[in-house]
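Across the two complexes that follow, subunit A remains constant while its partner is subunit B and subsequently subunit C.
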Partner chain A sequence: MTTPNPLLHVQDLSVVYRAGEGAIHAVQDVTLSLEPGRSLGLVGESGSGKSTVAAAILRLLPENARITSGSIVFDGTDLAELSDRNLDRLWRWRQLAIVFQRSLSALSPVHRVGHQLDDVLKLREPGLTEAQRQERIVGILRAVRLPDRVLRAYPFELSGGMMQRTMIALALLCTPPFLILDEATTALDVITQAEILREMERLRAEFELTTLVISHDVGVINAIADSVAVMYAGQLMEVAPKERFFSAPAHPYSKALIASVPRLRGQSGRLTGIPGTLPELHNPPPGCRFAPRCPHAMPRCSAAPPPLYQIAPRHTVRCVLYDQHPEQRP
Partner chain B sequence: MGRYLGRQLLTIIPTLFLSIVINFALLHLAPGDPARIYAGQDIATEAQIEATRRALGLDDPLPVQFLRYLKELAQGNLGISFAYRRPVLDLILDRMPATLLLTGTSAVIAFVGGALLGAAAGRRTMSRLDLSLSFLSYTFFAIPAFWLGLLLILIFASKLGWFPTSGMRDVRAGYTGWRAWLDVAHHMVLPTLTLVLVQMPIFYRITRASVVQQQREDYVTTFRATGMPHGRIFRRYAMRNALLPTVTVFGLSLGFVVTGAALVEIVFAWPGIGRLTLDAVFRRDYPLLLGIYLLLAVTVSLAILLTDIVYAALDPRIRLR
Partner chain C sequence: MSGLPPTEPLLQVTDLRCLFPVRRGLLDVLARRRHAIHAVDAVTFDLQAGEVLALVGESGCGKSTTGRLLVRMLKPTSGEIRFRGRDIANLAGSELKAFRREAQIIFQNPFEVFDPRQTIGSSLRQALDIHAIGTPAQRDQRVHEALEGAGLSPPAAFLARYPHELSGGQLQRIATVRAMLLEPRLLVADEPVSMLDVSVRAEILNHLLDLRGRYGTAIVFITHDIAVARYVATRVAVMYLGAFMEIGTVEEVIDRPRHPYTRALLTNTLSIDEELPSGERIEISGDPPSPVNLGAGCRLAGRCPFTMDRCRTETPRLRSVGSGHRVACHLVEEANAQASPAIPAPPQSATPPRPSSRV
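Now for the complex of A and B:
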């Protein structure tokens, strides 16, 4: 099977937060690959490290966090090695853009929306004339189906759905090839969420976007991703094509995640939660990080961290239940 | 915007009326008898005191006195001072320029300086600059203004002789033209410095806290993701958001420019309203005190109105709701 060169390849990424005396290993040895035009869903509960992965890719980690190892190769360049200045000038927003969760506060409350969009465009593409910028902005607004009057409005005058569309417009302003949606629909009501997700599917095709979708909601991942990566306590537990993930999830944690979502159709059953909580990451358990909550846990689970096993093409699982399969080579 | 301003203006009327009632009541409830003072504390006979009381109009029942005061006030008459035997309005207008010059200058310097230093410290918390400025701000905030004034006089006037110890101009020199202005400026340095030093910590702390908070806002992260440099985000977006609370406090402090510097005026023998007020209190000069209190109420109301206007100009969430 031949695969095209990935647009984004994250290899063995680890991020550590300094917190008081200790260090929190928020992301450990995460490897992700995204081919052009594909959409990868990164799913996990709050605190699993998925947003830290996004912040690391954009190099927007808070001051007390540091990339301790790994590479973030985007289109042949390792972003982890670049200077902040270089990133600002050539990469941020031209190549990689992001839509955040809390769109209502994602722009300055005392400046007009149009002014802020224009300011970003002016910054990123200083060669454009005012008329060209205006044309671009109005065009993008049409693409995300917003009326022109949004430009004259202040953020507080827009609804949650309109602000989210505005933030998508801002992200698409310089037509970047790569877009991260970080819980981009989480703050919206379910109807608006469905609308925005449909819109994103359309824009993905129209703008030929490669997207990384981060969500705690497997429903969102199902709607917008081609493949799924499950994170737990800073580690990848399973990576699989979407259809396979939802029809035949392999990791006990993935199974529990899918079982915890209510179904509208099909047989009704008991909704199951996952007992226990995330382990403390400044002192992670020695073996599998999910072992303390896992229904299949055996003594060997707590002995040593399990490797990733390749159980099918493009399907890897970090669980010793699959140790008859070959270990994945990095 | 127009409706918003109209509403703010209308609320001033009941506010002023209420403050007139309260001022009048409080003054007459306070201990001390003007008639006894003006008749001559120890030597006056009861008959003389009663005659003085009648002459000052203090023999009528309180409601009658109040209605008479309101009636005069409605005609723009603030009454005649007991002590100076001159119209209250003239006395206040005589003293007003000196006070406004001193307090206005120091309020503006304290606001601009405090906001700039607070912004510099807030951008780099825990830096050496931040730590030293924060230490100084606590120190000066804790020092009483009159004591600081005395200290400055001791050092810079008595010991070093760089500035005059008191007053507003050198009467003996009799300067005219620009030399006269220079003379006033020379006299102003120490009292202004005193007021600036005790007021600046307030603006400093508020701006600093506000800048720290604004830098954690989501929109800063958004602009960082677009590749906008920190400095540009700060100048174009964070600073305007961060100034809102500082402007509020500045507006409120403007309300007290007329009477707020009384102790400093006394320390420096500055011929302003502050000293007039304290003298009027000691002499139970009711008409003068009522006039000054009314002036205070009016300036506070106007300052709040002005703050509202500036705030609305800066923040669309207020203007458009």
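Now for the complex of A and C:
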């Protein structure tokens, strides 16, 4: 790749879920790279495997899931090779943290928010004194613009927006350099969502964060990412700088996805959508998984997964339509 | 529709209110206090045959409650809903059944509305059976044609299947087919595409619009997504805490919004369109207040950046700012009065006292 020193580099990652007697091939050969300070938006519809990628990076996959191939190199260390104990003691939350969508279920309903933040910090940084912990917690709450009274509140007393800010505070407690937002603003109303994403932009600068933003909503991706990666049915279809992705998407799926989004301003023609349904992932098509729904599909699409073609700086596409650029292959 | 003179609206909603009592604690009982959630408050509008009116707003704004009142799944606390000239509050027996045939509703999650033990074919047939439409053979024929018309072909492949065997998008299309089998004059669609993937939404929305074109059905489309409203609707009403803040055509409300709340919603909605100049964004801070026991004054007064003294004491009423475009905002009203001095502003009748919180 053209990126010399990525903070995170995921190479050929595949994840399989055991389900009954079969297996679900949820993620296949995904390669992603993220330089320090950048924000990558990982977009896809349900079943695309985007949340599985996040869970694999943090090694939070459920029992029945297995990383079958690939590496996850973070700051020079392959996380996929680490023991659970080492990952937990040195990396998870201290170096990499995550904010999920359903955050209310992450906190205990019978303890005050302040106590829970303190407990978590005690566990993650046992060396701190009580005064140091208190100082850290108050500082983080201020950073995410929450009033001090949140400390004495129970989770159910907080609005959706405040709850999500609390979860961001929880993720930032040990000031990790890398943060994953997995549909972190999805359940919020539009005004709250916009507010939280603006806060995230500010926090990114303040904490020098590198972020991976996972969403089904291209509007969210447009608001917070520098570059966009598109997944469909477990395969990574395209990676491009944001402006280029929205002005000149290359993959037929990316094009169809953008053409499905109703517009808020300007002219809007009839939406087209994408006919057909997601392929069965326990028996996925052997080649390009979008081929059964693709208007440009040809016989060779179903033969083998197409390679990634580089069609411009930082712009790669997994589609044989771009085979005219063999000299630019990465 | 053919039987209606074009001037008579299909639906006339006047001063519609729906209050939900809140459970009282011991202290409330002793003090003889009663609390109520003002889910829908003084909502007034007309709907013409074939129109698509979008009700937009954030969660808890009363848009779904309004939808349920329109098809009489709920009864209003006060106010009137006239459907083809008749108040639906007093319908009973065969008249109510006839109304139910003419006013249908579809919901966000199609998996919750189909009986999981019933095949799609039998669920669809049931709608026609209940209303005894045609002979049994004709009913089967009709179900067949409707599925085919919705692009669900071959129909035989769907008739024998159970809801869990279908995708969300397919089942929502079947829910739409079922609602439209009876060729209703009114369809309430409550967030019908919210849980579907964006690539599947277009098919459902286009299907709804096609059906409206074919049968002249009026649609009340409930959504939190303004871009979706812009795509499907002819008119838009923006709700906040149970009340209409602004209503007008799509071009008026979405392309030239007047109410600060509408402007806040629009300028904060994330999109892939060109970015707005940052000065245009209206910031509304905090969360909506509780809809329990709302006092006098504008509901938005605590959050609106343009709040004046008057906003805290006097509830703004929906006033016309142009043909059919109505806005409930003192600021807009005053700006309008100044902009056209030739037309004197309507006399300021004191706002009638709001109904107290008695249920």
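Points to keep in mind about this one:
The rule is short, and it goes like this: the second predicted complex is superposed on the first by the 322 of 330 C-alpha atoms of A that agree within 3 Å, B and C clash if a C-alpha of one lies under 4 Å from a C-alpha of the other, contacts with A are read in each partner's own complex, and residues count from 1 in each chain.
Just so we're on the same page, a contact is a pair of C-beta atoms (placed from the backbone, for glycine too) under 8 Å apart; a residue touches a chain by one contact, two chains touch by 3 or more.
Predicted model, so just to flag it, every value in this text is computed and none were measured.
Per the definitions stated earlier, placing subunit B and subunit C onto a shared subunit A by superposition produces no clash, and the two fit side by side. With both structures placed on the common chain, the touch criterion links A:L123 to subunit B but leaves subunit C unconnected.
When subunit A is checked against subunit B and against subunit C, the one touching more of its residues turns out to be C. Contacts of A:R314 after superposition on the shared chain: neither subunit B nor subunit C is touched.
By the touch criterion defined above, A:I98 reaches subunit B but does not reach subunit C.
Within the superposed three-chain model, A:S159 lies in touch with subunit C and out of touch with subunit B [touch as defined at top]. In the superposition on chain A, contact is made by A:R89 with subunit B only, not with subunit C. By the touch criterion defined above, A:R300 reaches neither subunit B nor subunit C. Of the two partner chains placed by superposition, only subunit B is touched by A:S108; subunit C is not. Applying the stated contact rule after C-alpha superposition, one finds that A:L60 touches subunit B and leaves subunit C untouched. Within the superposed three-chain model, A:I274 lies in touch with subunit C and out of touch with subunit B [touch as defined at top]. Working from the superposition on chain A, the subunit A vertex angle toward subunit B and subunit C, CA centres, sits at 70° in steps of 10. For the pair subunit B and subunit C, the model built by superposing on chain A gives 6 Å as the shortest CA-CA distance. Touching subunit C in their complex are the following residues of subunit A: 45-46, 159, 161-162, 189-195, 197, 216-220, 222-223, 246, 256-258, 260-266, 268, 270-275, 277-278. Considering their complex, residues 58, 60, 87-89, 91-94, 97-98, 100, 102, 105-111, 119-120, 123-124, 154, 156-157, 167, 170 of subunit A touch subunit B. Here subunit C touches subunit A in the complex through residues 58-59, 167, 169-170, 197-203, 205-206, 224-228, 230-231, 254-255, 264-266, 268-274, 283-285, 287, going by the rule given at the top. Residues 217-219, 221-229, 232, 236-237, 240-241, 244, 314-317, 320 of subunit B are the ones that touch subunit A when the two sit in their complex.
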